[in-house]
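Okay, so here's the structure we're looking at.
Labels run A, B, C and D following the written order; every chain starts at residue 1.
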Amino acid sequence: MNKERFEAFTDAVIAIIMTILVLDIHLPTDDHSMRAIIAIAPSFLAYIVSFTILAVMWVNHHNLFLHVKTVNHKILYTNIFLLFWATLLPATTAWFGSDIYSSTAAWLYAVNVIVYNISFSMVRNEVLKINDRLKHLYITEIASLILNIIALFIVFFWPPFIMISLLMDILLWSIQPVVRHKG
Amino acid sequence: MNKERFEAFTDAVIAIIMTILVLDIHLPTDDHSMRAIIAIAPSFLAYIVSFTILAVMWVNHHNLFLHVKTVNHKILYTNIFLLFWATLLPATTAWFGSDIYSSTAAWLYAVNVIVYNISFSMVRNEVLKINDRLKHLYITEIASLILNIIALFIVFFWPPFIMISLLMDILLWSIQPVVRHKG
Amino acid sequence: MNKERFEAFTDAVIAIIMTILVLDIHLPTDDHSMRAIIAIAPSFLAYIVSFTILAVMWVNHHNLFLHVKTVNHKILYTNIFLLFWATLLPATTAWFGSDIYSSTAAWLYAVNVIVYNISFSMVRNEVLKINDRLKHLYITEIASLILNIIALFIVFFWPPFIMISLLMDILLWSIQPVVRHKG
Amino acid sequence: MNKERFEAFTDAVIAIIMTILVLDIHLPTDDHSMRAIIAIAPSFLAYIVSFTILAVMWVNHHNLFLHVKTVNHKILYTNIFLLFWATLLPATTAWFGSDIYSSTAAWLYAVNVIVYNISFSMVRNEVLKINDRLKHLYITEIASLILNIIALFIVFFWPPFIMISLLMDILLWSIQPVVRHKG
């Protein structure tokens, strides 16, 4: 299995998602005032969160596959599963961004990110199966999952909280190495 | 002929199609209720089907070209023909997704996938012409074609059936190796 | 100068243009009859023409740069000029496709393709300057230019003629090698 | 850290932004006259400016990383910061293009380009930290920053001036080498 083609394909999908996210920031063509800029602020905040989630995931994906020489079909299919949830982010981000006080939209957005994080762990598990010099660090995943599940409750009271919890989630995923060498 | 550039170009086109498919899932900006999520369920199902078709095709394309050292103009042009039908999928998927009970839309969607499958077989044929250690496995293609033609009749009575038949079609294309070594 | 990165960038831009062209084929979400399919036939024909123009150009670009070891700044900038005119194709194709009997739209579409063809010749010229074993074949360019200029007059009487002339143009660019070895 | 994957990802994002910029040039589907072409002229001018800014940045990015063997996490994250501001360009360009006489839109567009230029300098700084044979050329940056800050004042009186100042800015960034070998 060709690792380069696998990485190039993954990168292309992530690059496209990160870029088409912006298509949902609509500055009105008939209002060119400061008010129009303020009106899109919630969309813009949601955009920053999703863009950063994807960027951190790309860095982690990149670091993970530095340790990999070849990819098998299981890695291929779990990675496609991961990309599937990533491609939904523009839709759920835009919906949440159009009303950050809707708990339904916040909840859908959070579920999308949670399943997306779990998919990343699945890809990592498959990678570790063929590389016995690395060990999984479950701390990030468990902390991230607990954080996100708590957030699912809080958003029923104050939906914009999801942006704070996701920024904390991003921090968790970016400060931790994705794998550690056994020693 | 440069195989790497050929693969990178193909991957870029498939990656873009898989990602812009989601642009047709429109969550309404003025309704943030569970009803809005339920309303887009048909679009979402159609999205899953098309995303999976493209993903399985990409894996098959990848496996097929592992056996290839160089590409000629015939492979190049049949591959462009394949990509042409792939680029139409977002349009036919969105039309079907906007009314999964329309037999015309289901029929157009099915025809798109059928021609797309046939194009993939054409690419495979051209690859086998320059690689005599591999033999074509016609079983997948014939089974897939029969299945899809039967589906073309059934959709006149119950259009959503096309999603079931396409999921079966995907299964056919994913469990079978695309080529087998002679021996 | 890194030829691989130059080619990858060019391919990404062409792949994206070929794929977003389809975003302008709008099947109505409130009409799922055969009539709706027939109504988009002109857009679809224009789509086929532009998709093929870009595909043939990509093959020619690919063939041209097989002979190149390194790219200089002049090649880089003429290539960006070429990509600029390519990125406009989705807009001019969609406008023409929305009314194939408008001579203004046909004329704008034709001008876009003509400038695009001239840009390709400019890139080829820069490549030949650093590769003295190849000679330019002006026959294609001159025939293509004459054909397109004649078309500019005919479209004032029958605008859809531009599709016929562009298909002839595509044929010209695809049967001819882009360069020939001196000998 | 894998430099090739880093470059490929950056190129994909820039290629996509350069191509989706055109999605904001809307030729009306119900008016196929010369008037419609003239009406989109401001959008088209803004499109040319943003396309050129991205193209020149890509060439500079390309030249900068020719001198780099490996990328570290700081380069990775400052580069993602750069790409973030690049992905906003389609939105700010489209808003400015829809009314080039709006000083608010011109101001937002200018601020986007200024932060984007500063981000590029940040990436360059990180690259120079790990390559002590190169020295930073601050002349371009300082000249560019002064030019753009002056422009921020002028646009309050005549908003379209931003296009002139950005074209001058592009010229600055394209004639200067991004780094110079110490000697």
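Descriptive notes on the structure:
Following the convention adopted for this analysis, contacts are C-beta pairs under 8 Å (C-beta built on N, C-alpha and C of every residue); 3 or more make two chains touch, one makes a residue touch a chain.
Here is each chain with its UniProt name: A, B, C, D = Predicted integral membrane protein.
Being a predicted model, the structure only gives us computed values, none of them experimental.
If you average the Cα atoms of subunit C and of subunit D, the two centres end up 26 Å apart. If you average the Cα atoms of subunit B and of subunit D, the two centres end up 37 Å apart.
In subunit B, the residues touching two or more other chains are 8, 12, 16, 20, 23. Because contacts link each chain to exactly two others and close back on themselves, their graph is best described as a ring. This structure has the following touching chain pairs: A-B, A-D, B-C, C-D. The residues of subunit C lying in touch with subunit B in their complex are 7-8, 11-12, 14-16, 18-23, 25, 27, 29, 32-34, 36-37, 48, 51, 55, 58-59, 62, 66. Partner subunit A is touched in their complex by these residues of subunit D: 1-2, 5-6, 8-9, 12-13, 16-17, 20, 23, 73, 76-77, 80, 83-84, 87-88, 90-92, 94-95, 98-99, 102, 104-105, 108.
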